[in-house]
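Structure first, commentary second.
Order as written gives the chain letters A, B, C and D; numbering starts at 1 within each chain.
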Amino acid sequence: MDLSVTENSSLNENCFLLKLTSDQKLPDMLPGQFAEIKVEGSPPTFLRRPISINNYCTETNELWLLVQKAGDGTRTMGNLKKSDTLNLIFPLGNSFSFPENNSKSVLLVGGGIGTAPMLFWGKYLKEKGYSPNFLLGARSASDLLQLDDLNQYGTVYTTTEDGSYGEKGLVTQHSILQDKNFGFIYACGPKPMMVAVARYAKTRSVPCEVSLENTMACGFGVCLCCVENTVNGHICVCTEGPVFNINELLWQI
Amino acid sequence: MADLRVKIGQLDLKNPVMTASGTFGYGEEFSDFFDISRLGGYIVKGTTLAPRQGNAYPRMAETPAGMLNAVGLQNKGVHYFADEIYPRLKDIDSHLIVNVSGSAIEDYVACTEKIAELEKVTAIELNISCPNVKQGGMAFGTCASSAGDIVRAVRKVYPKTLIVKLSPNVTDITEIARAAEAEGADSVSLINTLLGMAIDADKRRPVLSTVTGGLSGPCVKPVALRMVWQTARAVKIPVIGLGGIMNWKDAVEFLLAGATAIQIGTANFIDPEVTIKTIDGINEYLNKNGYSSVSKIIGALEI
Amino acid sequence: MADLRVKIGQLDLKNPVMTASGTFGYGEEFSDFFDISRLGGYIVKGTTLAPRQGNAYPRMAETPAGMLNAVGLQNKGVHYFADEIYPRLKDIDSHLIVNVSGSAIEDYVACTEKIAELEKVTAIELNISCPNVKQGGMAFGTCASSAGDIVRAVRKVYPKTLIVKLSPNVTDITEIARAAEAEGADSVSLINTLLGMAIDADKRRPVLSTVTGGLSGPCVKPVALRMVWQTARAVKIPVIGLGGIMNWKDAVEFLLAGATAIQIGTANFIDPEVTIKTIDGINEYLNKNGYSSVSKIIGALEI
Amino acid sequence: MDLSVTENSSLNENCFLLKLTSDQKLPDMLPGQFAEIKVEGSPPTFLRRPISINNYCTETNELWLLVQKAGDGTRTMGNLKKSDTLNLIFPLGNSFSFPENNSKSVLLVGGGIGTAPMLFWGKYLKEKGYSPNFLLGARSASDLLQLDDLNQYGTVYTTTEDGSYGEKGLVTQHSILQDKNFGFIYACGPKPMMVAVARYAKTRSVPCEVSLENTMACGFGVCLCCVENTVNGHICVCTEGPVFNINELLWQI
């Protein structure tokens, strides 16, 4: 589907927020899902690039993508201007699940660009009567993204490695993890961070879902390139993920 | 509307555009994008006698104008296919072709026998060219005598249309094609992936868990076109051309080089509607250039 | 500054970066761009005993991330080289290597004998892999026994460093490499071009006058890397890696895969200074990762 | 050499004029020479693209390129904006020669985008005391380019295939060819046009040079991909051309 850019704003040196819309109503989508994006004008970028749905506003018919410049593909996307067209296949993948217990207080952990899916999920949870707590970890203050947006939907806790904002340290060292109890934990970020969060959740017997990355060729389940090894064998991250319950994974946690 | 029909063995295809095995799932995944009964045929995933987990992750590396894969024939086995998947596919009005893979001749034969029972599977594509499994596939496809052996064994148990898929990782692909033809293959399809490798300089490791993998996409098109051209002149049975086809123009090039039909693989990942656009594009090309039928351009390259 | 020196046969190269034959002219054309004595070595045009006009026009087709060429060894012959070109090159402080080509064994031998007389040509690269001449080159390089024959004949008349350039258009490149090694080659270089083809769909003609041509550039890199990796594990003599190297990162990948030195071909057309940037980039990579010398990363891929 | 774009003006639907400059003084260059251009952001464009030097203003230190959108490479160049950078290898190739006889009136024939090198050459000839006459052929009025610029340096004659400007017909049918005599003829354009001009020149024994195209990989004489078959054998168009005297060629004229 061709969407048109309504805004491209740079959030810091490496990250930008793309807002997209269409004349047609955007299809329904769920938090945790992603889009496969065709990047034009980037010679090394042969395949589409998977990017999480950062937000979806039904009122404005807008889709947001929060993107970090990792290589030529994402850098080239960063040059998009208002009214430019972008081709997306979406929505793809599964989505986060609601807590099955009655606990309304849940924790959404985002490391670095891993916060991308959390805005949409936090908003969604809030709408359904939950109390989201966001816990974000980044290298430095300028790497903490969309704090104002997140604040609308829940309490935001932060850590930075250099201590320039919030508590100093890694996300998994934040005091909130000792001080509060949560009914469900959701995490997205670098694998070591997700493993640490999973370990925390497991120790406390809190249900936990993580959103995984993988190298994807198609994004819709036909190439079988993106498998995660799980208790059910090799499973495609693009269709049966990207969100997995940690109990399904064979991680050393 | 030009006449797009072509014939491969006993199959009458409504047009020469098919999908390449391993790049189209079981077709169903594409039904959101278009009506798959518009395809000349669709070749589903590599299917083996026993279920296979495939290779460990990572299985994919992007390369200049292409990609490497090391899927390793992950599939749930032919019985699962017959019981669970086939019933969902059998009423689609297009040719359903199963890509039969394996490591030992007996497995190929047993897998084929099971497929032969499925009425609406009108052909098999014998994959003797998968570079991603340890013993198997490619070893058969890189030697004319073992290629001949396996075709002979499968031909015995399979009366329907038998397509043999050839490996490009050989000195002389026409030799293997002729061996397949001699043992009764109805058609050969080429190329499967070129054996390649990617390295992560920072990590000082191969990108793929299997070290080497299969290269596909536009980067291989010049090699594929050359092999199709050579093979079409070397055998009498129809040749199915593939390797790097991204649009109707590429498809026309393969037809001109001598392919009776074509398959589209990797391009499905980038544009899920590429097959339909290719069918339409071939039709327009024929109309624009005054050809009443696609058969007029097959092998029509002027040297 | 890391120690970039490597050894190929009797040659001590100041660094592992050389230029690929047929893509660097006689080097002089690049002296506007940089000081060519900075190169580890430079391999000049394919040279034959008798002058050759090469193939008819068109000789080039751009392809996805690469190009096809059908130059066909155009050169003025070894005597012209010795009399007119060699005197201009002989005082450049880098290894001057001549790529010796031909169609018959006697021609290869006679050409080599003439080159052997030139003091400052410190090595030859025996091209048994040119896909662009009718009888020759590639025919030798695609069969282990004929490759062995020609290496044996040339070795007899050439005491200096003998590099044999291998064709990728084979089922098993390690077999050819081992045959060259067994007959006394000091090194093998790979890959030469992959045989490919391009078609102009509008004109319904091949793009190249010769129909098929040699594919080079980044599109072939995955295949080249794989063959270098396979060959480095199969022979004891040093392997020179090439095929699609565009920058220092690509070069490092080949070194990790087992190449003792590398060559840069097609990339020279796009950035004439690419070789110098590659030397600098390898040096920086070594420094950044704490390697004192390039030899530490040769074949250092962790599997 | 990296140059920076001072202006990119669209001359009609398919053609644009790029003006480029540098902080350093541009190298000396001659009419007939060309540049090899690295096009960024065009995935199918692997090799550089050869483009003639349309004009060189020593005063403003500016280089002009007149470009027709033929494919993705030239189309992408067409998107360049003021201050963008473009990498060129130049000047490449030989140049047009001055008449050896004393005749001061010379004819410069350009077919379609083949007029590109003629502006620079006409200006140069004028400066050296010659009287250039420009004869341009195009499909339609809007395809006749840079008429005002050319007018500064000589008389401009035109033909259009549809008769929308100048004489109707092909360039070689223009009445000036019957009415006037010239001391030298220079031509650049589609091959059939150049063959026709060469035939005219040969019949009248007027010396004639043509500027040839060829498929080039390098542009500076090292790949041997760009040969023209001549009386001296296969010769590289990029170094020993692109300008050839018609007597050197093996054309059927």
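To be clear about the criterion, a contact is a pair of C-beta atoms (placed from the backbone, for glycine too) under 8 Å apart; a residue touches a chain by one contact, two chains touch by 3 or more.
This one's a predicted model, so the numbers in the text were calculated from it and none came from an experiment.
Within the contact network of the assembly, the step distance from chain A to chain D comes to 1.
Measuring from the averaged C-alpha position of chain B to that of chain C gives a distance of 34 Å.
Spacing of chain A relative to chain B, judged by their CA centroids, is 36 angstrom. Centre-to-centre separation of chain B and chain D, using mean CA positions: 47 Å.
Among the residues of chain D, those touching two or more other chains are numbered 43, 45. Residues of chain B found to touch two or more other chains are 61, 63-66, 217-218. Under the stated contact rule, the graph of chain-to-chain touches is a ring, a single cycle where every chain has exactly two partners.
Pairwise chain contacts in this structure: A-B, A-D, B-C, C-D.
Across the interface of their complex, chain C is touched by residues 38, 44-48, 89, 214-229, 233-234 of chain D.
Chain D meets chain A in the complex at residues 41-43, 45, 76.
Of all residues in chain C, only 22-25, 29-30, 45, 53-54, 56-67, 69, 71, 74, 217-218, 266, 268-272 touch chain D in the complex they form.
Interface residues of chain B facing chain C in the complex, by the touch rule stated above, are 61, 63-66, 68, 142-143, 169-172, 194-199, 201, 204-206, 211-212, 215, 217-223, 225-226, 229, 244, 249, 252-253, 256-257, 285, 297, 300-303.
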